[in-house]
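Following: one structure in structure tokens, then a few remarks.
Should a chain be cited, it is by its letter among A, B, C and D, assigned in written order, with residues numbered from 1 in that chain.
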Amino acid sequence: MNPVNYLYLAALLFTIGATGVLIRRNAIVVFMCVELMLNACNLALVAFSRMHGNLDGQIIAFFTMVVAAAEVVVGLAIIVSLFRSRHSASVDDASLMKL
Amino acid sequence: MSASAVHSLWTTAAEPIDKIGAPDIEYGQLSPTLIVIGAAVLGVLVEAFVPRKTRYYAQVFLSVVALAAAFAAVIGLAAGGYATTKSGIVAMGAVAVDGPALFLQGTILLAGILGVFTFAERRLDPAAHGNRVDSFAAQAASVPGSDSEKAAVKAGFTTTEVFPLLLFAVGGMLIFPAANDLLTLFIALEVFSLPLYLLCAVARRKRLMSQEAAVKYFLLGAFASAFTLFGIALLYGYAGSVKYGTIARVVDGTVGEVSPALAGTMGNDALLLIGAAMVVMGLLFKVGAVPFHMWTPDVYQGAPTPVTGFMAAATKVAAFGALLRLLYVVLPGLRWDWRPVMWAVAIVTMLGGAIVAITQTDIKRLLAYSSIAHAGFILAGVIATTPDGVSSVLFYLGAYSFVTIGAFAVVTLVRDAGGEATHLSKWAGLGRRSPLVAAVFAVFLLAFAGIPLTSGFAGKFAVFKAAAEGGAGAIVVVGVISSAIAAFFYIRVIVLMFFSEPRPEGPTVAVPSPLTMTAIGVGVAVTLVLGVAPQYFLDLASQAGVFVR
Amino acid sequence: MENLIALLIAAPLLGAAVLLCGGRRLDAVGHWIGTVLAAASFVVGVVLFADMLGKDPENRAMHQFLFSWIPVGGFQADVAFQLDQLSMTFVLLITGVGSLIHVYSIGYMEHDERRRRFFGYLNLFLAAMLLLVLADNYLLLYVGWEGVGLASYLLIGFWQHKPSAATAAKKAFLVNRVGDVGLSIAIMLMFTTFGTFAFGPVLEATGEATEGKLTAIALMLLLAACGKSAQVPLQSWLGDAMEGPTPVSALIHAATMVTAGVYLIVRSADIFNAAPDAQLVTTVVGAVTLMFGAIVGCAKDDIKKALAGSTMSQIGYMVLAAGLGPIGYVFAIMHLVTHGFFKAGLFLGAGSVMHGMNDEVDMRKYGGLRTYMPITFITFGLGYLAIIGFPGLSGFFSKDKIIEAAFAKGGTEGWILGGVALLGAAITAFYMTRVMLMTFFGEERWRNQPTASPAEPDVEPAAAHHGAAASDHAAAATGEPHPHESPKVMTIPMIVLAVGSVFAGGFFSIGDRFIHWLEPVTDHAHGNPPISAGAVTASTVAVMVIGVGLAWLQYGRRPVPVVAPRGSLLTRAARRDLYQDDFNHVVLVRGGEHLTRSLVYVDHTLVDGVVNGTAAGMGGLSGRLRRVQNGYARSYAVSMFGGAAILIAATLLMRAV
Amino acid sequence: MSFPLLTATAVLPALGAIATAAVPAARRTAAKWLALIVSLATLVLAAVVLVRFDPDGDRYQLTESHAWIKDFGVRYELGVDGIAVAMIALTALLIPFIILAGWHDADPLETGSKRWRPTQGFFALILLVEAMVIISFEATDVFLFYIFFEAMLIPMYFLIGGFGDRAHEHGEAAASTQRSYAAVKFLLYNLVGGLIMLAAVIGLYVVAGNFSLTQIAEARANGTLDMATSTERWLFLGFFFAFAVKAPLWPLHTWLPNAMQESTAPVAVLITAVVDKVGTFAMLRFCLQLFPEASTWATPAILVLALISIIYGALLAVGQRDIKRLVAYASISHFGFIVLGIFAMTSQGQSGATLYMVNHGISTAALMLVAGFLISRRGSRLIADYGGVQKVAPVLAGTFLIGGLATLSLPGLAPFVSEFLVLVGTFARYPVIGIIATVGIVLAALYTLVLYQRTMTGPVKAEVEGMPDLRVRELVVVAPLIVLLIFLGVYPKPVTDIVNPAVKQTLSDVQKKDPQPEVEASK
């Protein structure tokens, strides 16, 4: 099947993730959407890697996973502490600072 | 490892091979980064094993020494000619060691040192239960106001983790402008971003705001980096490689043998343009350019002020370094596509930052918006696409970072019962109460405003000159106008400090330890020296103005 | 010899400097210093005069170059003096009459604690006036010109505590400034036309310039003359100037300063000769003013203002004569000199009367004073006879000549001008007789009649009061006055001037002495009137007699009412200076106030408003923009997403185009 | 190399400023004396410059040139021509009087921390301004000039905003708000001007490749450097705008009344007599030399603006209720004359303009300082609050009158010479404008005499009773100024001799000759 389709899929996933970030309130969900975007990137990378017939893309994909994991660690830490101090994980509640 | 090697390895995976060629790493030329990262790791160990009482001192000592050593290493490399003649690409093409890289690394390291000083300041707040406290939560994990926190305070805990975190961040920042392939770029981005997210969250006072800042920064940062990564993917798809050199060659169409796949993707400019745009967008997010700036005010305001200072200075330096390299090394062939776009970005950034700042009432937010405006000015230099452009940007970054750290360090000094008194109304009449501090802050503000005889003016003149020579006269005019607008709010603060009557219940100015004093002092000194006699540093910058390909 | 010229000016200048900077310690001797230095200047003048008489008429002019004043490119102004017969005449008049009036003032100002400063100002005036007549170029003349203006400003406003005095002084200066504009423009025109503005070169070069230019220059000079000599339309200040102490009125506003305009015209004779239109205008101005002054003079009850009106009118004669060209110049100057004598005398007399009457100035409160102050009466009387042109006295000769010359202008103008001049003579006779009768004859209206009471509306109220501080028997200012003769120090100058006003004219006219004296400077042409000179003279005398007769009918036979009757329309108009001040007030003052007020408003709202508006606009824009920063992370993300989209679109677009 | 005289002249007050600022809080009087002595020493140096300068010598003398910021093409280049010498002399001359007049203006009455040292600050700032003004008169490098042209604003800003009249009719709170408004207005106006000029400066560099006035002017002259007409005009406008704000020229003038009204009299003098002169001076030195064609091109418009300034300023002065505002508007009118003279492009006009700068400096100083003494006595700036002062304080009134007469440029006093030169110079080329401008002298008489009449004459007001006459210190300030006014009025030759050659040079830069008298022309 035409490798370009993988790219379309990747783009689709990326957009879905982005949309999620834009519309979901719960910080966790938002964060998951970001992860989704990252994975979309991975898909694209792997697809390209296959097209070009070299491994760089796939290697980057691995790196991405690691980074994503790291982000999870940091992100969850922050979100949880926020949740604990204000008993809500809604990103919209966290709007003390504005204007 | 080079693409072809991987390729062959992949196709002939059948028969076993006895030895794998070890990659050759130029440790010497990577030493600054390695020292800092190593120190960071050590710092973690310190957290683990050194008794709490001495941890603080150990960490401060370790960080300062490490950063100083790294700085020494940078100087050594520069002296060794790695900035000019011997500049080259190391770590199998992952990292470039050349003028801009070293110059920016040096700047970042100095900023880091000053940052450590402000982090380590423990004289500003009254001692709690006989323990000196700094700007960071006793125990970041515990809920503000909860018993566990009280206990932590009583026990005299302090978040000494901030020092290793800072070191990690610095480490990432050192690589960021030196990264010579997209993967390294991305990793470095994350390496310095993640610690910063955490650092934002650990303020001792106003923790809610601090955490909110962290969440916003984190989510938006992750969002942005996702874009960057997708852009990277696309560029990779376009060029079949993530190495700057290779991509550049593909863009120029000067690549050697063209595989059929490459031939296919090469023709597809959409990949290239979209990819480039997304990567650039990620970097613009980091420098806080309109319309990717909106995190800046909130994060600057919420984060612990020392962190804000460090972040505002160092992040900008690193990010602009990376941006420069990307635009000058990877995408020079695309100049005619991205220049107009960057024009637009620069203009809206300058004007946006300046205009919105007028009505700010919180000093940290004010500085945040001013930093946005400055990002615009620097972009003007970036657009020049001339060697002068590069050197002017380098100079500007150097000058700017010291002013910023100094300014935020001063902000930490003005305190009332609730911690730092960042609301402008509280700064009224500061000049009467403590003329010296007010005067110092005035110097920084004037530098921001770009008044002659301050580094701000020299920098502004450098970038505008470069822009004008690069044929961007319009940018200069807009820049001039927005500086005029910007002047308005810097002046407002000065008026407030000197010409309005002090409030009876106004804030007090804490007498800081030598650490903060050094930070401020260095800031002032650099500001004035670069203002009066910038030639030496301009030389430095212009020598360092050449990228290696 | 030339080097003495500077001395003429130096002496009074020194006096001014010493007296004004000297401080209180000089109060005791101040007036003597002033008087001596004035006299010294006079002596120097006489010496120079004697020397001048020794030379042959054609090259009597002396020059003294002091230093180069303003040298810039082609613009070369020197401080240099020129003393020719014309200047000489003035020098003698100024220093002579000046010295006398100094002497007189010693007595008159005796009780004023600021007498020292008064003499300082007087000296300053002498210096400036001498500079005016001695300068050898127009720019230096300008300095003297404004210098006398300053002195007159200071002296009119000498009693500064009186608002009216301060106002009058300001008015005088401002009106003069208007004239000065004329002078400075004239100088600029000369510079652009001839490349110089020194008398000699300019007057020689007149031939080469176009008539248009010359007319322009002449008219500008005339404007200046009008300002200084109180000619219509710039005459309004002279009446108010009477706020000043009487010696000032005598010296500055009768004898010398006000005649500077005539000097200017005569001095610029060549320019005027080459610009007939300008000359015509000059004659018209002169004629109008002489009628104007005369009419005003008839209606005033304030003795000084009446005299002021007469001064205006007499200068009108001079200007008229000067406007007639070569046939008139000499007589203009001659009348100027004689007028200097008798008008100064009259003013001093008036001062003496006021001195004896608690500084009352309203003639309706005088009457029958001849017995109480005989010397004053006699000197004043002689002056009176002189001014009305009683045959044989100074005024007769000079004025008669002018009327003759006016007729001699020829053509209808000649008739008109001559007629006006004649009529003027009649009116002069009328109002002077009026003054004479009201003051020295009739019943004693000041009996059981507190003087210095609030005067009638048409008399400057402050004028009635100025005694209050003028002298410290102000206390007595209420209650019946005790008329008495003034001290010698005051009467002697009056006597001297009286002598002058009797014989000067005759002395000048015998063998046309004066004509021959001035001819080399102003070149005289004998004008022959359409009717014989004898006839003119006869008619002059006739109208004079008629004027006197009418006045006697009105004020001699019938008693003079203490409170002025409402009077005819003309009378009322004349009392209010023919409404000229009211006109100025409505048009200039009011209009000006409105203009400035509206401009202040414009400056504040428009010019400044634009700036503040911009600032405010910025603030508003900022306030609106910062709302975008609503604190919601997701909306930030939206902006990032949008931004990214735009970025990508733009990049693609760039490639597309 | 010889002793760097020019540098010394500028550096001395700068060092003095630092020293003064360093004087401990308690030793206030010491600081005052230190400042005074330094300013006098500077005056001596300026005198040396005046002596060492040879009017018939090279165009720029006592030159110094050192590399400074090579990357910006900037050199530290100093040099003075006759005009600059005159201006430096004026500056150095006025500062001691300003300091002496402001002797008590900055004695602290509010209780700040013990480190709060207003007095030291006040005099230090004045010296700092002097240093910057002097160096911007000396600079022959556009960038160097620009730097100090801008930097000057900061100390001025603090002087205006930080120190106001002691008593204020609306109370201290209102006073401080009005003060800071005035200060901000001053700063922003000039900053905007300066920034626009910055754009032009950069443009100039792009075109010319360096900032050396002499080199560029030379290159312009011998045609090796030709700018596109449009470019030159834009650059000219950029420069001129900044100078017109500083000068100030209508309609960019509104900052001046506020600034002068709110600041203390000495500072007001510093603004209008010293700092603003940099603007007009710069028009003469930079606009005309760098952009001759553009200058000629813009002349008509500028003349009209100048004319408006003259009449408009005078009329507004008539309408003022506040003594200082009145003087401010009078100054606007006078600056109109200066600009008129500069752009009349005749030797009389430009020499007159230069002379005018000097004389206006002195006369305004005299008038404003006396006004300041008056205000300090009564504690009000409103004309209406005075009356009959001459009765109680004759010397004060007398000096005030002389200052006023100088302002209305009475012949015999210095301003007359310059004003007449300007008028003649203008008239020679533009008769109509010359004539209209001449009307200005009537208005000048009007506002001056009205001011004098309302404040000094008439019955003595109750509040004025027992007002002390000038004290010795004040007399020491005023007397020399008056002597100067008279001397320069009678014998201006020393100044004109210095100025004329420079003016001739400038005129030749713009390829202009004095128009010939008609009589010669006709021959």
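Please note the rule applied: contacts are C-beta pairs under 8 Å (C-beta built on N, C-alpha and C of every residue); 3 or more make two chains touch, one makes a residue touch a chain.
Predicted, not measured: the structure shown is a model, and the values here were computed from it.
Chain pair with the larger contact count among A-C and B-C is B-C, by C-beta pairs in contact.
With centres computed as the average of Cα coordinates, no chain lies farther from chain B than C.
Chain A and chain C have Cα centroids separated by 97 Å.
Look at where the CA atoms of chain A average out and do the same for chain D: the two points lie 65 Å apart. Between chain B and chain C, the centres computed from C-alpha atoms are 81 Å apart.
Look at where the CA atoms of chain A average out and do the same for chain B: the two points lie 24 Å apart. The set of chain D residues that touch two or more partner chains comprises 188. In chain B, 215-216, 219, 223, 227, 297-298, 488 are the positions where the chain touches two or more neighbouring chains simultaneously.
Across the assembly, chain A contributes residues 18, 21, 30, 91, 94-98 that each touch 2 or more other chains.
In this structure, the chains touch in the following pairs: A-B, A-C, B-C, B-D, C-D. Interface of chain D with chain C (complex): residues 185, 188-189, 250-251, 253-254, 312, 315-316, 318-320, 346-348, 351-352, 388, 390-391, 398, 405, 410-412, 416-417, 420-421, 423-424, 427-428, 431, 434-435, 438-439, 441-442, 445-446, 449-450, 453, 456-460, 490-493, 496-497, 500, 503-504, 514-520, 522-523. Here chain C touches chain D in the complex through residues 20, 67-75, 79, 139, 142-143, 145-147, 150, 153, 157, 160-163, 165-167, 170, 173-174, 177-178, 180-181, 184-185, 187-189, 191-196, 205, 208-210, 213, 592, 595-597, 599-600, 603, 607-608, 611, 615, going by the rule given at the top. Considering their complex, residues 391, 431-436, 446, 451-453, 457-458, 461-462, 464-465, 468-469, 473, 476-477, 480-481, 483-484, 487-488, 491-492, 495, 498-502, 533-535, 538-539, 542 of chain B touch chain D.
Within the complex formed with chain A, the residues of chain C that make contact are 626-627, 629-634, 637-638, 641. Only residues 7, 10, 14, 17-18, 21, 27, 30-31, 34, 37-38, 40-41, 44-45, 47-49, 51-57, 59-60, 63-64, 67, 70-71, 74-75, 77-79, 81-82, 84-86, 91, 94-98 of chain A touch chain B when the two sit together in their complex.
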